[in-house]
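Take a look at the structures listed below.
In what follows, chain A forms one complex with chain B and a second complex with chain C.
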Partner chain A sequence: MRNSLRLLAGLALAGWLILPILPLFGWSVARGWRFPDLLPDRVTAEAWSFALSPQSGVLQSFGITTLIASATTLLAILIGLPAGRALGLYRFRGRGLVLLLLFGPALLPGIAVVFGLHGILLRAGLAGSIPGVILAHLVPVLPYATLVLAAVFARFDPAYEDQARSLGATRWQAFRSVTLPTILPGLMTAALFAFLVSWSQYLLTLSIGAGRVQTLPLLLFSFASAGRNDISAAIALLYILPGLLIVAVTARRITGRGAALTERLHP
Partner chain B sequence: MLAPALLVLGGLFLTGLGLTLLRSFRYMPALGLTEPDLAAYAAILTAPGFLKSLGLSLWIATASTLIAALLALAAALLLRQTFPGRALISFLVQANLTIPHIVGAIGILYLFSQSGSFARLAHAAGLISGPQDFPALTHDPWAIGIILLYVWKELPFITLILLANMQTLGEDHESVARTLGATRWQAFRHVLLPMLMPGLLAASTLVFAFAFGAYEVPLVLGAHAPKALPVLAWQASTDTDLAARPEAMAMAIVIAAVGLALLAVYARMLTKGPANAQ
Partner chain C sequence: MTRLSLQGLRKTYAGAGPAAVHGLDLTVESGSLTALLGPSGCGKTTTMKLIAGLIPPDAGEVLLDGAAVTSLPPERRGVTMVFQNALLFPHLTIAENVGFGLRMRGASGIAGTVAAMLARVRLDGLGDRRPAALSGGQQQRAALARALVLRPRVLLLDEPLSNLDPGLRDEMRALIRELQQETGITTIVVTHDQAEAVALADRIALMLDGRLAQVGPPEDLYRRPGSLAVARFFGGVNFLPGRAQGATFHSALGPLTLPVAADGEHLLTLRPEALRLGPGPNARQGIVQSVAFLGTQTRVMIKTGEVVLQALTVPDAAATLQPGDEITVSLPPESLWLLPTRD
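Our next item is the complex of A and B:
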């Protein structure tokens, strides 16, 4: 009895979780799907072939979104690695203030900073450019990467580095052959999820890109607001693909001891 | 070691916030405005749209957070047990986390709009004769579609945090209570729930902040009027009338003030609740 109740609750939860994705599959292959038809007139691959053709600009947007997310992630890891190490390993004066600054972008909505940010990047000549959008994406992505890396370093014992150093390794050698292999699993997960935080940004790209940087979510909205449900659905499915792949790769690690890594993920 | 990160966040986040603040006081030397004043704040406070939008955004955030937190608590308790299909649900919970909000919002629109999947099912069942008979669940004054989206999107987020917390707590405390004669409900209510509370509150604060300040979700699912506050602020910022710009900045500052209050609450919880994983 208790077991079948659990199964039922589990089914309800699973159903609710996939429900909003289901119409996307239907619409992406539909042709002339008017109210009140339960099924489309015709099932076609037209929306998909348009979405994948050069004139729709979808693949180009996919490339731009990938480029921006990759560059943002690389910068966030390079900057966040030393910061995460300092926060994870050491207690120092002002640590609380630094943490406060890192939590700031998670709790202050993007709309609160985006106008001022646009002013700064405009003055720097970066508004409307891909480098400007990358810098803007660092505002949510860098704190995320830093906090995850701090959690990774909190489990790291620096005594191993000292041993390597006392055996004659340079600082770089100690990092390269002792520290890096130890933190690599956590570092990879941090990087993959940092990528997703940038991948799902909307407002920052809209504002800083000033209409000249067309990432996938912006293109998706322009098709959706034009009422092209079929093409929007195809773009939406393409857009969620990398995230699903990343979960498929990291799922085991996340359910295990790395659960804390997902905690800060809030794209 | 911290310098580069502080430089980036100080230079972009804090300076961006500061510049927004200056402009909200109508201090814009480039436009010849060098006398800061509170006119923009006075303007938005006397315009009826602003207070309605603020109220709507607070309603969206409160309702979404409460419903998502309650359901997440139930989901976490369920996923702690073993039952057939648990692995699949765990995967779905994690997969949902990676789906951008705008995709979920479009999915909710296709499901719940007046010509969406559920309206068609209602028509097939003979419950309605046309789209106009189906209750307005999207673009509606109560923001039901927006709340549905946040419940869908944030339930897995809170669930994962609760599951991570449960993992570090273990089941020992509850079994002790049970051997001391507590019922299952008592063990949950007086032992497990208090231990989960810091994590639940911290996660709920993040969800509240997001639901209050997100732009793209009410853009897709929101009513024409009143608009959610972030949409109203963005619209004012792109107004061709330059005088509306400081009003956009003032609205952004009001949103930031709500965010700062949440940050203060969050920081307090983090320092008080050691059970909270960082």
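Our next item is the complex of A and C:
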């Protein structure tokens, strides 16, 4: 009885998450699919071949979005590692203030942040450029990365680093051979979520990119507002790809098979 | 073989930080095994970290064979510290843990060296296990092996026995002593347990409140304490204020014969196990106040005039004693020791 309830709940949840995605497959290959019809008049690969052709700019957008999300993730991890370490390991004066400053922009509505940010980046000559968009993405991404890493470091005993140093490891060797392998699962989680948060930015990219930085969500929105359901559906399917991959990877860890993964990463 | 010297080593922390160290001068002879003994919170671990280079001192120098290493980072000092909790790296096997320092150095032939070291600490065959699969005693031995395999100039062991069961403690103590004698590595063992320090070390450095109270062979600290605090830490309980005049000590117990001549105000002390139940030199009449059986010893409190003396004796010698009994006690002159009246 309990098992069947659990199965039912699982199915409902899966349905809730997966059902909205299913029509996308249909739309992306359909021609003339009106409301009461169960199946489209004609099935065609036109939308896909257009979406994947150079004229549509979809692949280029995919590249730019990947570039921006990767660079944002890298920066967020590079800044978030020392910040998360300090927040997770030490109780210092002004810790609350640091947290507030860090999370302030993430707590405010994006639309409120975007104008001030635009002004600053305009003056810095970065508006309308990829570096400018990357910096803007750091505003929502960095707090996520830092918070996850702070939680990771809160469970890390820094005495391990002292022990490594005392056994002859340099500061870098101690980090590389002891700290990094220990925090790697948490670091991966932080990086994956940083990537996803950047990947799904719309408003910040639109405003800071000033139309010159076409990421996938921007392109998707412009096709959707032009009423091209078929092309929008194809782009949307490409757009959710990284998210699905990340869910697959993290789900493996959550279900406990992650231990095997970490084993393989540090033989 | 390296001689370690500490000169005016000082470290304080703002607020409620780790225990401070207030100006430490200590020389540890080459190849010796010294116990750094003291109650918890006296600055022992801080001292170890200063020697290992894991924290910088506010002032003072750490010298190895006369050369200052104070500004060198921990990995370039040749000083290896073994922490209280073994701290084996959980993502590495035991063999990888033991080979860690060698790998950091880029040494070759690590596998053979590690296997020999594992056999030496009786962990042969366990090299492929993860630390979590080992018992507490095995983990401690692996941690010791991981440090010894580097042949450090100075080895620092922070409370190596405190996490072990009593049975394992003797075994580990013997192993540490054995390996230290074999390798001749200058070693400092931190402990809060005076019995452990006495059993393990050639010399004891007693640390109280961030300062060295006394340094010397274990017997010296027992029999010839330099201060009331040292005497108390080593189980001293009988203290009698008075004035020495030549070889006589005038106190509430009347004149007592001293082993050597002295002069002025002092605190006379006599170890409880040295107080004799029975006649002899410096004999006094007293009344038994209480008798407590402690297992290997019996504690007898005896009131002599206004003074209460405490004796520790073999249980047989006190078997028939009852509170209220009249008894003769004597204070053997060779066991009397004078302390300064204030620390």
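We adopt the following convention: the second predicted complex is superposed on the first by the 238 of 267 C-alpha atoms of A that agree within 3 Å, B and C clash if a C-alpha of one lies under 4 Å from a C-alpha of the other, contacts with A are read in each partner's own complex, and residues count from 1 in each chain.
The working rule: contacts are C-beta pairs under 8 Å (C-beta built on N, C-alpha and C of every residue); 3 or more make two chains touch, one makes a residue touch a chain.
Note that the structure is a prediction, hence the values are computed from the model and not measured.
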Superposition on chain A - do chain B and chain C clash or fit: fit
Partner chain in contact with A:V178 - chain B first, chain C second, else both or neither: second
First, second, both or neither for A:S232, with chain B first and chain C second: first
Contacts of A:D162 with chain B and chain C, given as first, second, both or neither: second
First, second, both or neither for A:T170, with chain B first and chain C second: second
Residue contacts on chain A - larger count, chain B or chain C: B
Contacts of A:L142 with chain B and chain C, given as first, second, both or neither: first
Minimum C-alpha spacing, chains overlaid - chain B and chain C, in Å: 17
Set of chain A residues, in rising order, touched by both chain B and chain C: 262, 266
For the chain A and chain B complex, residues of the former touching the latter: 3, 6-7, 9-11, 13-14, 16-24, 27, 35-38, 79-80, 82-83, 85-87, 96, 98-117, 119-120, 135-136, 138-139, 142-143, 146-147, 150-151, 154, 196, 199-200, 202-203, 217, 220-221, 224, 229, 232-233, 236, 239-240, 243-244, 246-247, 251, 254-255, 259-260, 262-263, 265-267
Chain A contact footprint on chain C (complex, rising order): 49, 52-54, 73-75, 79-81, 83, 85, 87, 89-91, 100-101, 103-105, 146-147, 150
Residue numbers on chain B that touch chain A, as the complex places them: 1-2, 4-6, 8-21, 23, 74-75, 78, 81, 83-86, 88-104, 106-111, 115-117, 119-121, 123-124, 131, 149, 152, 156-157, 160-161, 163-164, 167, 203, 205-206, 209-210, 212-216, 219-220, 230, 233-234, 237, 248-249, 252-253, 255-256, 259-260, 262-263, 266-267, 270-271, 277-278
Chain C-facing residues of chain A, complex: 157, 159-160, 162-171, 173, 177-178, 181-182, 262, 266
